[in-house]
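One chain, chain A, links the two complexes that follow: it is found with chain B in the first and with chain C in the second.
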Partner chain A sequence: MTAADIGLTAPTGDLPAKPRWILAGLLTGPALYILIMAIVPAFLMVQLSLAHREVGGLWSPGLELTQYRQLATPLFARIMGFSLLLALTGAAICVSLAFPAAYFITRMRRRAQVTWLVFLLGSLSLSEVLIVFAFQVLLSTSGTLAGALSAVGLLAPGASLYPNFPAVLTCLVYLLLPYVILFFYPALSQLDPEVEQAAATMGASRISTFVSVVLPMMRGQILTGVLLVVIFTFGAYLTPLVLGRPPQWTIAIHINNAAMGAGNLPLAAAYAVAVVTFMAALLLLTRLLSRRRGAEA
Partner chain B sequence: MSLSPGVILRRGFLGLLALFLAAPLIVVLSVSFNATRRMSFPPTEFSLRWYGAFFGDHAWMASLERSLTIAGLAALVSVLVALPITYAIWRYQAKAAAVLAGIGGALFLIPGVVAALMLSAFWGVTGHVGRLENVVLSHAIVLLGIPLSLLMVGFRTIDQAQVEAAYTMGARDSDAFRMVVRPAMTPYILCAFVFVFVLSINEYLIAYMVAGFTVQTLPIKIFANMRQGYEPTMCVAAVIFMVMGFSAFALMSKVADLPRLMGRTRPLED
Partner chain C sequence: MFGLELRDLTKAYGDHLAADHVSLSIPHGEFVCFLGPSGCGKTTVLRMIAGLETPTSGAILLNGKDISGQPANSRQFGMVFQSLALFPHLNVGENIAFALRLRGVDPRRRKERVAELLELVRLPGLQARAISQLSGGQRQRVAIARALAQEPPVFLLDEPFSALDAKLREEMQNELRALQQRLKITTILVTHDQREAMTLADTIVVMGEGQIQQHGPPVSIYKRPANRFVADFIGASNLLPVQILDGQTVTYGATALRVGATCGVGGAPATLAIRPEDVVITRAGGGGCNEVAGIISQVRDMGAYVEFRVACEGLDILGVAAPRDWIGAGLGEHAHVRLPVDSCQVLAK
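For the complex of A and B:
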């Protein structure tokens, strides 16, 4: 998010000349905080990924590629591949549910809109711990869902609906839906109703207006929404841990296990650097794609 | 009003969506009122015993208090950091402030586990481990993007003509701040605070990786309970989260224009 993205407008006109010392006074504290808590840890992580690992969970500064060599294994490729598969499946479901939902919500009356926003913000803020726990109850052997499914013969009696891939996916979709709906909300609420009205007067149906006018205008937004889901899924830890089996463990669990379990902080850091690099590449790709498509339109 | 197929389809879709989003909450809520110790849904017998057990338990209350303290301080720090940055952008179009805001926004886009690892490595190197303030400062930096964007929305709503009028009438910066900026910004500051507070109190992974062994926040305690075996009191803790979150945002919708806060700039009639 840059200032340009946010579209700030400062007051114009005859303002008093800006004294530098006021700016320095305003920004020194925040700059120091951001430097210490964001820039330093980021550099530290890169340094850590190149460090020399010692016995007993210790490490000494170094410049070696030992950790990165461990990334060039089929195991790591498989974990990243699975994480990406999970993320993209989740993104497809989330975006195709969230986009129409956000579209409908932006066209509601104020009261209904505010109610939806409170509901979405409330469920978005809920702890992943809590959601995972609720899904555990919902999907457990003694739960209603399993009972109902086994009653109609879709599930063996006494079987549980987790841990498996669909459970992980459903929970991730649940966690992400409010985010993605709220992400689409500003752009869709900015959409000029007159554009749709114009299409309607030219004889286009509601649905064809939506597909031929609204969707193309929102290409960039949709791609960024997908990226949002991918970033979140790569960072999700509890959901795959509780609702999945080891084959469904995403990179987040392996990062955590390396750091906290095996005491191999350098390897965890190398994983993390790889993930961030991958995310940056995806970000670049979405920017490129939305620009090219935008130019065609 | 006639119901066309389109309207039925739309309402059905939104209804199902609302049901999906509400389902886990209904589960937790009803299990918390269940009399039996077994984790079962639907509940069999209504009881308040687990609420009594939760509020009578020293360890649960200590976790709750710890979480509230961390969330309050984290919200305070992140708002106090975001306020001068956004003010400098709005008032002086300061490039440096825009860069700082950019970093704050970018941090919000880092996968959760990576941020947690970065910060836990950082506190490990400083040798300052397992302390409450580690969680406070870590939450405040990771969530900084929220106050930054909300406060920017706020500054954008300030009537420029009013500010200019104040200056033409010879007002100094401090006067303009008192007369125009502060009243306009108060609801946004409040909202930013509440938003960070709610997200911080619900956050698990960073709190766990930064100081989880010694500072047991409510989500950490709930998760530890989940792993050790089911105990109904944890549902009460979960209900507290729900009540806190929903009432916080309901309150926010009363003090501020929520659609605008969430990024709507096109006017919305009642």
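For the complex of A and C:
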């Protein structure tokens, strides 16, 4: 697998001089936007994390590592560990469900494919807030699901299906599944059907073709899909807040609590710097792994 | 000797018959080319043989055994696809060993077999090379080696050379023919390139509108086309509208032409087919039979031969002459064309 396989490189070509200038002009706007809206806040975040905390939620400029020392505590390790566990579990479930779903959609007739795509896009139009509170109702003591499970004796009467880890995970998977299916759809629909047919003529069953040909060929896309879910889930806020207990709170909630609850903006900024660094390391590691595999191939 | 047999093979997509009662016997070890224009059903037939399409009706027999109901993975006919369909995530050796790995062949034997096949397709030592690092011709050879790895009873190729440039295509055609003769494997190749079919095949099967129009050795197909479709599709042909006079004579305009044999009753319209290389051009005419007077409407000196058109009875007759036989006439000059009796074939209109 190469870096291009996971979408980390762009096609290049020799452009004539005039289009190159036009291209540069067109790219200036987005480049400036990214610079102002991402790099500048990131710089300010680092600066804030090194600032001196004042009473009353205030801070003064400085170069202190006080807040970073709080990152080396079991509490922070537990928070990050849980966030990672949630992200990886969510990614594993989402990708395991989304990849076969996208594969089967691409193998349907055109009309059926369009119906599925419209359905998936339609589900994305629902607000996250609405979905999370709908899950709260569904899983609550008086909710439809809890009521149904109680009626068949699978749940004690009056028990609720939330707040807990499965409730958080289920809702996050529900929120992300359409995105991940739609992410896999273009790559799978471009998969040459003759590749699978070639495997069949060599004696491969449908399952072994899927496992030994389709999955490895889509390794780059699968890896990118996992990263997509991990990044989103790591920063999830509303779902764990509403459907989880404090032990199921992600780092995003703790950042908010540090900033808004404890009034410790430098600590919140240090948390945020740690998360960004962790994510950057994860991306770098993925890229290194894909490069090494590409070189081996 | 047993081989492959297609019995009344039909494939319908709704009201459209992609293959219409195709029947054919292919003896073991023969090289057969299915030739026809796009959409004639040749690939559909090939895919049914491979087990990638289910016939609507009819049967496929291999060595007398009906295999129509078997899926592609049970038949294990080696197939080279138009796109080659090599697995990009596997290297050359792994691609070739794919079928062997599925069959549980031990790694040492797999390695040996891969080396043998790479030797066979003249790519020795390229086991570890990535597919993306191969040229078009090398990929072609790897696809062939991969299809042959499982020692298939039938070797199928679906327009495998269509993406290659002319020189490489010819080189690969020669290699494939040599390989097939060496392995004596029953081979079926689908192509729309008549030159390719003429070069490779023991038997050409000309397909049109889902049906076999004619099959036989390349020269017989060329020399004795069974109908207007074949005469028109295979090589260049003069197709002259004629009227049958009697069993051995037709009329072309006001001129009576003698032919070997006619088909149909007197007065019936028919088509007279004659190949350009059989047309003889003279300045004055010898007064013999089958001579038609006309005016030269086109002359193209191609170096190796001269191509000419003579307008006779309202239609251009196309001919070719060796440079030493060319009469040296120019555009607008009078000439006579002679259509030798043995070369004239009368086809149903």
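Throughout what follows, the second predicted complex is superposed on the first by the 257 of 297 C-alpha atoms of A that agree within 3 Å, B and C clash if a C-alpha of one lies under 4 Å from a C-alpha of the other, contacts with A are read in each partner's own complex, and residues count from 1 in each chain.
Please note the rule applied: a residue touches a chain if its C-beta (ideal position, glycine included) is under 8 Å from a C-beta of that chain, and two chains touch if they have at least 3 such contacts.
Here the structure is a predicted model, which means the values were calculated and not measured.
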With both complexes overlaid on chain A, does A:A101 touch chain B (first), chain C (second), both or neither? first
Kindly classify A:F135 by the partners it touches after superposition: chain B alone (first), chain C alone (second), both, or neither? first
First (chain B), second (chain C), both or neither: which does A:F232 touch? first
Between chain B and chain C, point out the one touching more chain A residues. B
What is the contact status of A:L26 with respect to chain B (first) and chain C (second): first, second, both, or neither? first
Quick check on the superposed pair: does A:L177 touch chain B, chain C, both, or neither? Answer first, second, both or neither. first
For A:A199 in the superposed arrangement: first (chain B), second (chain C), both or neither? second
Contacts on chain A seen with chain B and repeated with chain C across the two complexes: 1, 192
Can you name the residues of chain A that touch chain B in the complex? 1-4, 6-16, 18, 22-23, 26-27, 29-31, 33-34, 37-42, 44-45, 48, 97, 100-101, 104, 106, 109-111, 113-114, 117-123, 125-138, 140, 142-144, 174, 177-178, 182, 185-187, 189-190, 192, 206, 231-232, 234-238, 242, 251-252, 255-256, 259-260, 265, 268-269, 272, 275-276, 279
Touch list for chain C against partner chain A, complex: 50-52, 71-79, 81-83, 85-91, 98-99, 102-103, 130, 146-147, 149-150, 156
Complex contact set, residues of chain B against chain A: 6, 10, 13-14, 17-18, 20-21, 23-25, 27-28, 31, 38-42, 77, 81-82, 84-85, 87-94, 96-98, 100-122, 124-125, 137-138, 140-141, 144-145, 148-149, 152, 155-156, 160, 163-164, 167-168, 173, 195, 198-199, 202-205, 209, 219, 222-223, 226, 234, 238, 241-242, 245-246, 248-250, 252-253, 258-259, 262-266, 268-270
Can you check the complex and tell me which residues of chain A touch chain C? 1, 192, 194-195, 197-205, 208, 213, 216-217, 219, 297
